[in-house]
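These notes open a run of structures that come right after.
Two complexes come next, and they have one chain in common, subunit A, joined by subunit B in the first and subunit C in the second.
Moving on, here comes the complex of A and B:
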């Protein structure tokens, strides 16, 4: 085959590949938006589900999902900030640095259902907490920990050393430097990481489906030790009765709302990152 | 509080959080190991046979291992060629101003929760597969593989596009200067340089595909068997993840049944963790993880 022909063939295959990707993208977005918008209205968003979700709305599922990621954020942010500060400011041994990197990447790579198994063994059965909101939040917090740690570590570690040196020269001790100089500048990175983590956590089903959620009937939980309803597990329950058109319709509506939540978190992350970039360039 | 004390407390706090963050992964491994111990001692090598029948005390996980490998192979075989060619297209052929746009769209795709892929799989893909191949049910191993391919496409494209894009321009200029055609520049110069990072991208996609639960669970049909002939993927199957998702709540805590399920989880964890850590050696993920 001549070289020109090969080059043409190559271009053709590249275009086709990208075309396939675009088709998939358009298909997914169109399907979710088209079916989702048809399914949602004010009543759907504000009423509780009936007949195992086939009729009624998804109000308590939205509330439950938000409650769960809110507590997950409260648990993981302090933990992640502490870890990031230690990695950046205290840990100087390069072997330990590499080890901690591997552990964090490893944690990030654990399949989500394994987190669910861990929660089921350790919390639900050994600590006997029962299926509850709190366990779901802890497990989601562990899942998004690596994302927040790395984001905060990068933003703290990239603060130029002369800030540290000037602060130390003023007679501050190390903790003072961290809380008054480094954290105020590094916090935006942590929040960006947190929001990206939450975008992932809110859509996760596998880790919470047997440790945190009740499929139907859950309303506002009275305490952290009660199960909540959640959007992803609700979609799962509906998808399993997909032959019923009403259930399928409700599933599309719930999916659309879930995608909106995910996008909301991601876009806020993008917005915060953009704003801080501008601040640091000043 | 005197400054000296807050300094101490602060240091202990950050040390303590680091120990927790680093300890979680050991804790998970330990828990799975302890609770799969009963299955290992009770069943021994029986665990790797094909019969899974809890009432009869038979816990062979071979069908699940087969399913996991089969869907992963299908997913990677479909996603790598398409993903790599798209990455080349975005990095080398498409005008630069479209690059950011296409990549943000891909990140949007990567952000769709897996349960929604599962719903789309149930509502469309399984019906299509059933109609095209005239099957009784479209919930097959192939359906799971195709769905997984779509799910890992964004990872493979973004990471390998980064790898190709990061090759310094001087190589392109030198290669074009020798009179090579574009495909020759790409295949003989750029891809060999970016090889390690592309391998990392593929491995990472592979790890994701193996550990994925919801989408696969909904479309694979959930029947524990190895098809005959082995490569006939147009029949229902079962993966480790779908088995766990479907059956863990039916097994009593502490029973051999439960323990065998946890053993499957442990196998999955070890394989995926291994792949992830190898991928990390190939690739500088540092900034990618949270972008």
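Moving on, here comes the complex of A and C:
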């Protein structure tokens, strides 16, 4: 085969692969949007669900999902930043570096249902918390921790050493260098990682279905130890009554809202990543 | 460490024990990961002079200059023996506060590293860590030090702009200004002009010549013409050792060592 032909073949194959990927994504989103948008109206978004979701709206599901992921964000962000700073600035021993890397990647590889089971056994059974949205937040925070740690670690670690040395040479203490030079840079990475993590967390069913959500009747929680309603578990419940056309319609609508949330988080992540690459670029 | 022995060494190196030296290295040896990088260095840095370390790449110039403000402490696997005296006391003593030390002995690096904040905030970055400033003092400190590096005229109308908007030469002068703001006695510069164009380099050379009235300067370069232009004292290093040190004229005109003559004359080092 001539070289030109080979080249054409390979670029052709990669084009086709790209095309297939895009098509699948576009197809999925189109189907959900097409079916979902019919269900969406002000009432659907702003009212409580009735008859196990077959009628009414998904207001408390949206509230519950957002509450859980936002609190998960508050828990995981400082933890992740601390871990990333320690890993990048203090952990010099290469064996420990490797160990921490494998632990972080390991945590990232744990199937989400295992997080759910862990929450059920550790919090609900052993600590006896009952079904609690806050436990859900904690579990989601653990789940997205590796993503945030890795993103912030990368952005802190990519800061060239002469920035650290210049700051130290001015007589700044190490903690001061970290807070004034490294963290401002690390935070953009952390927020990018956080949004990617949240995009994943908001759509997860398995980690929260046993420990944090109620299928009906939950409104605003009065305490940390109450269940909430959530979008993914609601969709699961609706899908189980798919023979009822009303329930199916509500499932499409809820899925569409969920996809919008995921997209919102992902696009913000992309945007922040684009905007802040100040130090590492030079 | 026996003082007598090291003084003898210094005389052999062509330096007399000068009362005017603020900073001296005595029998300093440095290893990185067990390979010997600096081999028994004895060096007197003379007050209010431009002390210029020259030598080929890999000679250990950076390692030496980085020992004087202990920024080397950050390097993994580095081990030092011997002592460095600043105004008579050993900077490697246990109770020395490196933050204080670095406020007395400032350092400027090869690549200007301006922080992603305003020009003014860059000037104030170091001093702010050492003491609280009022608004008025902030302006005074900025103006004084930007004037000292001849940057004031160029940036006075845009102090709040991002420092990264400056040219590389301006950024390097800004780095010098923020070092001066901390009010050090000694300034270490490691090839501060090697990343700059000739015009910017010249303005930094002029700046250093002006600065030596108020500061002691220890300067690293491997640019021999530059050393000829601005140095007062020359320290010629090769392979981790000081081959010869003394006043510039002496080294250029009557070097004691063949290696010095060859390096300064032909830029060839065969030590």
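We take it that the second predicted complex is superposed on the first by the 249 of 282 C-alpha atoms of A that agree within 3 Å, B and C clash if a C-alpha of one lies under 4 Å from a C-alpha of the other, contacts with A are read in each partner's own complex, and residues count from 1 in each chain.
Rule of thumb we're sticking to: a contact is a pair of C-beta atoms (placed from the backbone, for glycine too) under 8 Å apart; a residue touches a chain by one contact, two chains touch by 3 or more.
Note that the coordinates shown come from a computational prediction; the quantities given were computed from them, not determined experimentally.
Clash-free side-by-side placement of subunit B and subunit C is the outcome of superposition onto subunit A. When the two complexes are overlaid on their common chain A, residue A:10 makes contact with subunit B while staying clear of subunit C. Legend: residue contacts after superposition of the two complexes on their common chain; A:213 is shown touching neither subunit B nor subunit C. Contacts of A:263 after superposition: subunit B is touched, whereas subunit C is not reached. In the superposition on chain A, contact is made by A:109 with subunit B only, not with subunit C.
Counting the residues of subunit A touched by each of subunit B and subunit C gives the higher count for B. Of the two partner chains, subunit C is the only one touched by A:169; subunit B is not. Vertex at the C-alpha centre of subunit A, arms toward the centres of subunit B and subunit C: the angle is 110 degrees, rounded to a multiple of 10.
Applying the stated contact rule after C-alpha superposition, one finds that A:181 touches subunit C and leaves subunit B untouched. Of the two partner chains, subunit B is the only one that A:205 touches; subunit C does not reach it. Contact with subunit B, but none with subunit C, is seen for A:149 once the two complexes are overlaid on the shared chain.
After overlaying the two complexes on the shared chain, residue contacts for A:236 are found with subunit B alone; subunit C is out of touch. The gap separating subunit B from subunit C at its narrowest, counted between C-alpha atoms of the superposed chains, is 10 angstrom.
Residues 173, 176 of subunit A lie in contact with subunit B in one complex and with subunit C in the other. Subunit C meets subunit A in the complex at residues 69, 71, 74, 76, 98-103, 106-111, 113, 115-116, 125-126, 129-130, 164, 175, 178-179, 182. Against subunit B, in their complex, subunit A makes its touches with residues 3-4, 6-7, 10-11, 13-18, 20-21, 24-25, 28-29, 31-32, 78-83, 85-87, 89-91, 99-100, 102-118, 120-122, 125, 142, 145-147, 149-151, 154, 173-176, 178-179, 192-193, 196, 199-200, 202-206, 209-210, 232, 235-236, 238-240, 242, 248, 251-252, 255, 258-259, 262-263, 266.
Taken together, the subunit A residues at the contact with subunit C in this complex read 92, 160, 162-173, 176, 180-181, 184-185, 278-279. Interface residues of subunit B, counted against subunit A in their complex, comprise 3-4, 6-7, 9-11, 13-18, 20-22, 24-25, 27-28, 31-32, 35, 81-83, 85-86, 88-90, 93-94, 105-109, 111-116, 118-120, 122-124, 150, 153, 157, 181-184, 186, 207, 210-214, 218, 241, 244-245, 248-249, 253, 261-262, 265, 268-269, 272-273, 275-277, 280, 285-287, 289-290.
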